[in-house]
Amino acid sequence: MNPIIRFENVTKRFGALTVLDNFNFEVARGEKVTLIGPSGSGKSTVLRILMTLEPFQEGHLELDGIPYHEPGGHGPFKASEKHLHKIRCNVGMVFQSFNLFPHMTVLRNIVEAPVAVLKMKRDEAESRATELLRMVGLYDKKDHFPSQLSGGQQQRVAIARALAMRPRVLLFDEPTSALDPQLVGEVLGVIRDLAQEHDLTMLLVTHEMRFAREVSDRVCFFDKGRIVEQGDPELLFSNPQQPRTREFLSSILGEPAPARESLRRVP
Amino acid sequence: MNPIIRFENVTKRFGALTVLDNFNFEVARGEKVTLIGPSGSGKSTVLRILMTLEPFQEGHLELDGIPYHEPGGHGPFKASEKHLHKIRCNVGMVFQSFNLFPHMTVLRNIVEAPVAVLKMKRDEAESRATELLRMVGLYDKKDHFPSQLSGGQQQRVAIARALAMRPRVLLFDEPTSALDPQLVGEVLGVIRDLAQEHDLTMLLVTHEMRFAREVSDRVCFFDKGRIVEQGDPELLFSNPQQPRTREFLSSILGEPAPARESLRRVP
Amino acid sequence: MMYGYAWDTTTPLTFAISILPILGIGLLVTLKAAAVGYAIALVLGLVLALLRRSRFRIVSWTVAGFTEFVRDTPLLVQLFFLYYVLPDFGIVLPAFMTGALALGLQYSAYTSEVYRGGIDAIPRGQWEAATALNLSRLRTYRDIVVPQMVPRIVPSLGNYLVSMLKETPVLSVVTVLDMLGLANMIGERTFEYLVPLSMVGLIFLPMTLICSALIYLVERALPKSGIPLR
Amino acid sequence: MTWTQYLPPLLKGAQITVTISLASIALGAILAFAAGIARTSSNRILSGIAFVYIVLFRGTPLLVQLFWFYYALPLIGISFDPITTGIMTLSLLTGAFGAEVVRGALLSVPHTQLEAARALNFSKSYTLWHISMPQAVIEMMPAFGNLAIQNLKDTALVSLISIADLTFQAQSMRNITLDSATVYTLTLVGYFIIALCLMLVMRFIEKKLRRGPAFPRSAHS
Amino acid sequence: LTLEDVKEAGYIQGATANEVPYGYMKEDGTAAGIGPDVAIAVLKRMGIDEVNWTVTPFGTLIPGLKARRFAFAAAEQNISPERCKQVSFTEPNSSYGEGLLVKKGNPKKLTTYADIAKDPSLKVAVVSGANNIDFLRAVGVKDSQIVIIQANADAPATVQSRVDAYAATELTVSKLAEGSEAVEQVRPFTDPVVDGKPVRNYGGFAFRPEDKELRDAFNKELVEFRKTEDYRKILTSYGLSEESIKAAAAKNVADLCAGK
């Protein structure tokens, strides 16, 4: 089967800074992949390119068979807005800072896009939203505004919002790192449930190592815009091959081992 | 010897909220006292009242023999500005967020008050400031602006600034809780040195339990505007008498004991 | 006598009272001009603000240059220009329309800045979330950006309404007689300027004060829907 | 007559416009600080006077104010020449608007700065001038820039009290030549150029004030 | 203000409105026109060589005088009983009839002010502060038909595109018609009849009532000067006819102020 995501010699620059340099990376359909790596290594950039939030300069990228660059495409994205629209139909993203729409209730946050984009009927969209809210355990908050929710609750709504668009690929960019430690668990719980879904491809950036080990099929260690090492989480964590990986893992997991893991998460 | 600070049935309200209710508290000359307690219990309020940043409504308070309320005093402080000026000559305060003056160099931040308030000669004030900067280890930064310093360095300057006024009582309101974990140590180091000074009375609000145990003569556990329990730090920490104290200490020190102490400090 | 109302100059007080109906007619003109001008400013300002964000440099620069030019030149001269020069090119707008248009143009340059600030204040994450949800540009503006922007910009927009009200007297140079223009006319006929002009000041003062108070009320009443404003 | 012949009288008018504008911006700034500080003062009388002044001048049209100062005040024996009247009126107007800017900027100085000053026992006036003001002034600059441009545009109205400013000269030229298009285009361009210069000056001042590392652009929140 | 004061100061403050040919500012910034030219000549005879001219909108001449902004106004204001109550006029300096400025070819076939009153759809412009508005109203023109412009110079553009006629004095109209191709002066024109008499204006110099002595001194020299050839030359150079000059000399200010 073809990979659902395929980066082929992708180069991404911010002005003079080259963040991805001839980057190659594939994700299979239904695979759950975690990206780890030091700050500034380009993890977010990979997700943002996939979400069409950032253009890239060179190389080939396709998602579910659709290439990002259109032949003869103009503008920074080298593709028409219509084409980008088609790509985005297959991807959803959950942000570090939730980015809920503050002027809409929880329900409307979820219903709005299916109605506007997928042309779903409003009551149909609402019944689906209700279902999703039940799944993330927030049905009783459906008429609240985001500012009335805790961070963990907001992030769960954000996940429901992304799911409402029925993406094939779901991207998570440090979904718990803006949360108070005691709220992290509830969000990870929801993601853990999602990871059970066979059809959904997940690409996850996180510093929650224990969690990454648990949910992912593959962990990729990222450094300076390249994948330095990747593989089965058990193997990678217990027996990293590269010195950079070892260094990074020991700094993240901390010297006195497991106890301090969650400490580092707080910025 | 008379206590240098004496709260006698002090009542402090914010509108309908009574924060201190018939509060009694004394600090002896040269004593180092740490206030601990849950958020909102009124610790900062005690310091802010002492610094004349907040008025109080009833009761008697004196510092170094000078009562805060003047007989026949008007306004919220029930005292003239001149009288408050006299009180403030004996107290200094170090804030959680440093509050350096951003438009002045480090040196001027320290020199300004002695010159403007104590009418010290500028070169005399500068030589004393230099001395203080040496003490806090920042002599080489004297011509920098606060924005060019790290949080820990800013806080050390703030301590030097407070000391330049030669206060008898120095108040610290969570002096390290706005700092990155790795910068906490340098500030605590400076305070630890200060604690050696025999003449200086120190009143400290902090969540650094290990540090409190080390420097203070007495620890007071504060809850809902009252001192629930106080005493020698070793005794209080190892064998708290009150259930509230025990609860609070266990939450602060964390279940898996010492290892997580520094974690909770980060808000 | 003017518009069928006679005046009585025996004492300043009777004079002031007798010219009130005439000034009232002028006040209507003032309010009408401000209403039309403000409507233009609100709509055109938004258009300019959006054009200024255009991806095409030529469009955004032209718009930037235009708003800057309009902002930096006096309304008085702009009025003359529109009224006396445009007819040379075959465009003859009625005097009132010229006045309202000039007011609207000048203030659209201001409001476009307000809109721009309002749009810039929308956190980047909101745009990105909208993109990630595949919302179209129009939808993003209509459903995400504008509703969040409005509560923030209402006070500034309101203040411009007040200053526009105060600037309507300039319209008398293009023959639109607002309250001040009529007061001047009364002065020219009676040779008594002090009373009519002071009356104009006295009428403006409570008007602008009330407007400011209304803005304050509207600002408070606007549904914030849980939007943290800072 | 070609357009180059229009230039000498227009330039003469522009000179007057610039003079009036600069003088009234300077005086207006002084008034703005005085009234703005008075507004934040705890002295009820001072703050009341400032309030009335601000309301009066912000709430009435400039044309009425000009007329008052030029034609009405002399009737009770107070008379200034046209240029002085123009400068005075514009200063008072600019000062009233500036006062609100000054007040806003003073109030935007973080509360904690004032507490730190109090803890160091600084007097109120020392705190105002050495702690609040240096930080507030930088906050004021963009708003002052806008006020300066507004002031320049308002000078056009002084032509109505027979000051031979740029607008007045334009009107005279047109009276003689009946060539509205050229005269008004030149006039608009004239104002635009003066405004650009004013803006450059204000930017320069702001940059000077910001100079050094004390106020990195994003330091304030 | 007395003559002594003026002589001591060495100069006098004069004002004129921007109205060709009665008084206006030339490109070089000096004042010209019937009023200023005659005033300068008369003042010279009085031993005052320097006049500081202010040009001010017509409507503000009288408030300016009252506010002591200048010592006299030389704008050929019509000597009318109402104005006499506010200011003190000299003997008439000129006399002029009324006129109408219309589009080229006079499409509405206007010959007098009363024609405008007959058709309520017509619009007529007058300059702010001028007394033509009173004549228009006297012959039955409605307020809604009248458009107030701020300066004479605005008239040709206004007549071309916005109104049907501009009502002003004969000379103003003729000067404006000379300057612009698209408009013309109505000829022959019948002066409006108000209170049974055809309207004729008598323009004089206005002083403050308090400065009676100064006015009298000026007046005396003016009367003398009117007899000279220089005077006639000034007036004819601005297009005034011999009859108008004679008509001015035939009236006196006391009668005009009394409404006779």
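As written, the chain order gives the labels A, B, C, D and E, with residue 1 at the start of each chain.
We take it that contacts are C-beta pairs under 8 Å (C-beta built on N, C-alpha and C of every residue); 3 or more make two chains touch, one makes a residue touch a chain.
Chain-to-protein mapping (UniProt): A, B = Ectoine/hydroxyectoine ABC transporter ATP-binding protein EhuA; C = Ectoine/hydroxyectoine ABC transporter permease subunit EhuD; D = Ectoine/hydroxyectoine ABC transporter permease subunit EhuC.
All figures in this text were calculated on a predicted structure; none of them were measured in a lab.
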{"item": "Chain A to chain D, fewest steps along touching chains", "value": "2"}
{"item": "Touching chain B and also chain E, the following chains", "value": "D"}
{"item": "Most heavily contacting chain pair (counted by C-beta pairs in contact)", "value": "C-D"}
{"item": "Most distant chain from chain A, judged by the mean position of its C-alpha atoms", "value": "E"}
{"item": "Separation of chain A from chain B, taking each centre as the mean of its C-alpha atoms, in whole Å", "value": "45"}
{"item": "Gap in Å, rounded to a whole number, between the CA centres of chain E and chain C", "value": "38"}
{"item": "Geometric centre distance via CA averages, chain E-chain A, whole Å", "value": "83"}
{"item": "Distance between chain centroids, defined by C-alpha means - chain D, chain E (Å)", "value": "39"}
{"item": "Multi-partner residues of chain C (at least 2 other chains)", "value": "84, 193"}
{"item": "Multi-partner residues of chain B (at least 2 other chains)", "value": "none"}
{"item": "In chain E, residues with contacts to at least two other chains", "value": "63, 66, 157"}
{"item": "Residues of chain D that touch chain E when the two form their complex", "value": "5, 9, 12, 70-75, 79, 82, 160-162, 164, 168, 171-176, 178, 180"}
{"item": "Complex interface listing, chain D residues touching chain C", "value": "55-56, 58-65, 67-68, 71-72, 75, 149, 152-157, 159, 167, 170, 180-181, 184-185, 187-188, 191-192, 195-196, 199"}
{"item": "List of chain D residues in touch with chain B within their complex", "value": "112-113, 115-116, 118-124, 126, 130-131, 134-135, 212-216, 219"}
{"item": "In the complex with chain C, residue positions of chain E that touch it", "value": "59, 62-63, 66, 82-83, 85-86, 125, 128-129, 143, 147-150, 154, 157-158, 160-162"}
{"item": "Residue ranges of chain A touching chain C (in the complex, touch as defined)", "value": "51-53, 75, 81, 85, 88-89, 91-93, 95, 97-104, 112-113, 116-117, 145-148, 161-162, 165"}
